[in-house]
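Both complexes below contain chain A, partnered by chain B and then by chain C.
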Partner chain A sequence: MDAALKSLGVIFDPSHFLMLILGVLVGLSIGILPGLGGIVGMSILLPIIYGMDPHTAFALLIGMVAVIPTSDTFPSVMMGIPGSSASQATIMDGYPLAKKGEAARALGAAFTVSLMGGLFGAAVLSVIVPIARPIVLAFGSPELFMLALLGLSMVGVLSGKRPIKGVLAAGIGLMIGALGDAPAVPEYRYTFGIDYLMDGIPLVIVGLGLFAFPEIVDLLIKGKAISEVATLGKGWLDGVKDALRHKFIILRCSMIGVIVGFLPGLGGSVVDWIAYGHVIQTTRDRENFGKGDIRGVIAPESANNAKEGGGLIPTLLFGIPGSGSMAVFLGGLLILGIQPGPAMVTENVDLLYTAIWSLALANVFGAGLCIFLSKPITRLTVIPFTYLAPFMILIITLASYQASRGWGDLIALLVMGILGWVMKQYGWPRPAALIGYVLSDNIETYLFISVQRYGLTWITRRGVIILALIIIASLVMGAFWQHKKAPRTGEDYAE
Partner chain B sequence: MPSKVLTIRVIFAALVVLAFGYGIYEAVSYMYLAKIFPLYVCLAMFILSCINLVMEVRISWRQLDHSGVGFVDLESKWDMAMVEVLKRFCYFMGIVLVLYASISLIGYSLSITLFVIVFYRFITNTNWWVAIGAGLAGLGFISLISKLLVIDWPSGVLQNWISLPWPLG
Partner chain C sequence: MQKKWILLGIAFFLISSLGLVPLAQGVDFSGETIKWIIPFGVGGGSDVWARLYAPFFQKYLPGKPTVAVQNMPGGGSITGGNYFHTRVKADGLTAFGSSGSTSFPYLLGVSQVKYDFAKYHIVFASPTGGVAYIKPEFGVKSPKDLKGFKEKLAYASQGATSLDLIPLLSFEMLGLDVKAVFGYKGRGPGRVAFEQGETNIDYQTTTAFTKNVRPLIDQGLAVPLMTWGILDDKGNVVRDPVEPEFPCFPEAYEMVYGKKPSGSAWKAWKAFFVAGFGVQKAMWLPEKTSPEIVEAYRSAAAEIVADPEFQKMVKKSLGGYPQLVGQEARQAFNEVLSVPLESKQWVLKWLKERFDVTVK
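Let's turn to the complex of A and B:
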């Protein structure tokens, strides 16, 4: 308790406070730009922290990483372009809301739940420190494989009336993820002799290609503004009220966020999809999902902010980064001369609490700033898209090129973009493809390690059985509600 | 008689079958541990994609309604004929390809600046001053990102011939 109060005092020291604000501003700027995420932000800040006091550097780094999942909501809601890997699912309902002229409402709800999710993550981080070790160690490769399968099972609820297309889209994603070097042996797969494909296609390119490119092309073809109505309709205050009305969704999805962030190796890219799938599976009136249901914004946004708190647990306590940005953060800790590990709880407990306070405060500032900015920024949705299009093309080419800094990035963006456009036009669920891609490497790697380490007995592990039951329950529940609430019509006969 | 749109739908479904078929063919030649995952995924997906193809052909033949099949995807709804949509798609793809070609000739910074200017002037229909202002804003933005992320944007044939000042070089 003393350490917590002492750290709180340190955080409000003017120099630390300024660094926290600086980190928040950098995080906001990076989050707003599609395709740039925590790794880029960390990479920009790392050179600055050399020789800095660890508390100050913590405030800067955590301030930045905490608000990216908040500010990346802007492009997701307003353009249908994933701001970062953490906000892919937000576009599913956020963008349709923007089209209806309710972008401010979607943003208001998103920022409110981001704040709540972020605070939940910080609270869990502070409570879980003493008991984190056995929980993290309970998750071996078999359990991580099952968690990846749980993520893949979300394809079921994202496939709508044509499950076969959903599964096939996920298969396309799995195969795109399998391009390049095999995880278990030195073999390059499906590279067609092209050097660029040896490392596979980066996530940012797959995300921008499948979602951003088709939206830009479609809006250009239509030749109208993003919002289909001239007035912006409901404001951000309605969004705040929406968020408060769905507090149990926030709680559940924040827990999902913490758990997924907490587990090293699964990666944060899937947390928003799991939360989105979860809220559909547990909802009776699901017919508006994908058409502008505010719950489809609330679920992924609360999860992706809570994930950051969870992600700090293995990073700080075990030196195991839970995501790409946490890996760079880990590098930052080593630059500062801090050795992450169990000693953080005993020798550097004040630093640990600095991280917790920074996370909480950054979420408050980040959400506040975003809410303040949301009203003017939503005006962009009523501007004719031909004014925005060249800059959007500039941003997606720029974001793609920074992935591996080669011509291959630009060509891959074009190929994925055409694939995404065709999938969009002909009813192939692109989210299923993205989920398949994101989980492809995890599924293959963890299955391989599980079989190598445990033989077939991995199936009998307690954690595996529990997760298998959760997967079955979620699939059954999803199928049950879909069958009950969406009876087949004559038009759907052929589907 | 199936329309052209539905034909494209069927062609895409057939391409998916071919892709998974090729996936199986290619995977067979890999080392044991490298082939397990892609081989089994492709086998399962090949069977499903064949079923899907049959369904697509049947739907196309009967000219049944496809609306709403994506459920939670951002499906396109058009207030124009699909043939017109495809024409416009090809037109904008042409613009993107011209942009790519110009990047290979005069480099990214110069191409994207000219692209913004030309787009604003001839597609957005602004006056020259607004178009040039937008182009320079774009150049300023990519220059800032270049500095922050320490990125050299792709250079073209022009940069190999002439030494241009940063950020054009």
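Let's turn to the complex of A and C:
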């Protein structure tokens, strides 16, 4: 407790505090720019932390990474373009809300739950550290494989009335993920002698191609503003009220966020989809999902901020990063001369508390600033899209080019974009494809390791059986409640 | 040990500054920006290494230029290496940072590799060390107990052609029955697999070993076996100065077999050890760089190594190994360049027979 209070004092020291604010501002800017996420933010800040004292550097880096999932909601809600990989699922309901002129409401709810999720993550981080080791160690490769399968099982519920198309789309995603170097053998697949394909197609490009490109094309064809009504409806205060009404969703999804972040190897980029799938699965009146149900915004947004708290655990305690941005953060630790490991809870416990306080405070500032900004920014949705389009095209092109800085990035964006547009036209669930893509590496790697190490006996491990039961339960639950409802009319929530 | 190296560094610095000042005088990087290409992503080991060095080059290169690390990840560092080989001008404004993962494909003759270290000028090199350890339930207390050891072991590996070639080859040469489980994303996940019991023999770089495996040893959850060792100035593999209480690999070999290692396997081991650990990371200038520029870089590196602030940082972040500058680095890297063809072929054959891996 002493250490906790001491670290709080350190954080409020003006120089640290300024760094935290600087980190928050960088994080918010990066979040708002579509396609740029924590990895880019870390890469920008890494060179300047050289020679800083670790507490200051922690305030800066964690301040930045904590608020990306807060501000990345802007492009997701207002333009249907993922602000970063953490807010892809927010598009599903946030964007339809913006079309109805309720962007302010969606943003108000999103920022409120981002704040709560972030605080939840920080709180969990502070209590779980002493018992985190055995929990992390309980998840071997077979269990991680089953968790990836659990993530993949969300495809069912996200594909709504088109389960076959959903499964096929997930298959396409898995195949896109299999391009390039194989995870467990020194082989390159489907590279056709093209150097660019050796590393596979980057996540940013798949995300922007599947979601942003088709949206821009369709909006241009329509030639109207994003919002289909001329006046902006409900304000952000209604969103806050919506959020408070659904506190159990926030709690459940924050827990999902922490767990996904906490387990190394699952990767942060599926957390929003898992939370989104979860809220659909556990809701009876689902017909509005995909058409602007506020719960579809609340679920992913609370999970993605909570994830950062969870993600710090394996990074600091084991030196194994849970996500791309945490991998860069790990590099930052080494620059600061800190070797992550068990010593973080003993000799470096003050640093750990600095991390926790930075996380909590950054979430408060980030959400506050976003709410403050949301009013002027939502005006963008009533501007005719033809004025916005050149700017949006420029931004997604730049963001894609950031991935590996080669011509290949732009060509890949175009190919993925056309694929996304065709899928959208023919009602193929794009979320399913994205989930398949994101999980393909995990699924292959952990299955490969499990079979190499344990033969077929890995199936009989206790953890594997428990997770298998959870997967079955989740599939049954999804299917059962779906059938009880009268057949839906109109558009599916998947598209 | 440490002191000796530092003295050597200082001596080198003095000699170079006395003898070569007139040569270096023509070089001035004032107002220029020097790009240092690192063929890996931000935050990785090589990136951190370069970023720790960059501000010091900024301070000591003539004219105090800006030194910017430029990450060019891809193809397991082959992309960046090829770029350096084919596209970089020899004007001293672009340097390259290689790692063991860049040298291995070069040694193995991977067909995509266009770069050729024999042609470039090495500025300095940084060694690193590794420590192998095993689960306590086998009752092994030191490499001596590995004589006639028949238990089946499992090792978490990134791939047979990665730096894991050294541990795998070491285990093989010691006669251990180790199953390599491929697909782990790095040494961190490998260590967690060891802690989980998914594997039961592992190695870590010395820095990670000190922080993460020492506590396990204290709790009786791991037993240290050996270090890979470090290259001395005569080209011998000797005890690791950072973890001097453990035998190095050649000593462990002697403990098991009663004689020093020799033959094709040993030659191959040594070549790949030097490429992967002994001079793991190195800074290079292009083939046609003028001797004045090369010398300016090398004297800057010598000054850096003698800088007390840098020495503090080496201890904290780079494992505390002596850094090799100029001719020292060249000489050490010669071990990599002069690998006999038969050793390379021996490794390729071994990879094929043991792991069914064909290098293309």
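As a working rule, the second predicted complex is superposed on the first by the 485 of 495 C-alpha atoms of A that agree within 3 Å, B and C clash if a C-alpha of one lies under 4 Å from a C-alpha of the other, contacts with A are read in each partner's own complex, and residues count from 1 in each chain.
Just so it is clear, contacts are C-beta pairs under 8 Å (C-beta built on N, C-alpha and C of every residue); 3 or more make two chains touch, one makes a residue touch a chain.
The structure displayed is predicted, hence computed values, not measured ones.
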Q) Should the superposition on chain A be reported as showing a clash between chain B and chain C, or a fit? A) fit
Q. Touching A:Phe318 in the superposition: chain B (first), chain C (second), both, neither?
A. second
(Q) Looking at A:Ala184, would you say it contacts chain B, chain C, both, or neither? Reply first, second, both or neither. (A) both
Q: Could you say whether A:Val217 touches chain B, chain C, both of them, or neither, answering first, second, both or neither?
A: first
Q. What is the C-alpha-centre angle with chain A at the apex and chain B, chain C at the ends, nearest 10 degrees?
A. 90
Q. In the superposed arrangement, which partner chain does A:Phe448 touch: chain B (first), chain C (second), both, or neither?
A. both
Q: Identify the partner contact of A:Pro75: answer first if only chain B is touched, second if only chain C is, both if each is, neither if none is.
A: neither
Q.
Quick check for you: in the superposed arrangement, does A:Pro429 touch first (chain B), second (chain C), both or neither?
A. first
Q. Is A:Ile164 in contact with chain B, with chain C, with both, or with neither (first, second, both, neither)?
A. first
(Q) Going by the contact rule set out at the top, does A:Ala343 touch chain B (first), chain C (second), both, or neither? (A) second
Q) Does chain B (first) or chain C (second) touch A:Gly94, or do both, or does neither? A) neither
Q) More residues of chain A in touch with chain C or with chain B? A) B
**Q.** Nearest Cα pair across chain B and chain C, whole Å
**A.** 8
Q. Do chain B and chain C land on any of the same chain A residues, and which?
A. 43, 184-185, 405, 448
Q) Which bits of chain B are touching chain A when the two form their complex? A) 8-9, 12, 16, 19-20, 23, 26-27, 30-31, 33-34, 37-38, 41-42, 44-45, 48-49, 51-52, 55, 58-59, 62, 64-76, 78, 85, 88-89, 92-93, 96, 99-100, 103, 108, 112, 115-116, 119-120, 123-124, 134, 138, 141-142, 145, 148-149, 151-154
Q. Which of the residues in chain C come into contact with chain A in the complex?
A. 41-45, 47-48, 51-52, 55, 69, 71-76, 79, 112, 154, 159-161, 179, 181-186, 188-189, 191-193, 195-199, 207-208, 210-212, 215, 313, 316-317, 357, 359
**Q.** Residues of chain A that touch chain B when the two form their complex
**A.** 40, 43-44, 80, 91-92, 95-96, 157-162, 164-165, 167-168, 171-172, 174-175, 178, 182, 184-185, 187, 189-190, 215, 217-218, 220-222, 280, 289-290, 296, 384, 386-387, 389-391, 393-394, 397-398, 401-402, 405, 407, 410-411, 414, 418, 421-422, 424-431, 443-444, 447-448, 491-495
Q) Touching chain C in the complex: which residues of chain A? A) 39, 42-43, 46-47, 50-51, 136-141, 181, 183-186, 195, 198-199, 264-265, 318-321, 327-332, 334-335, 337, 339-343, 404-405, 445-446, 448-449, 452-453
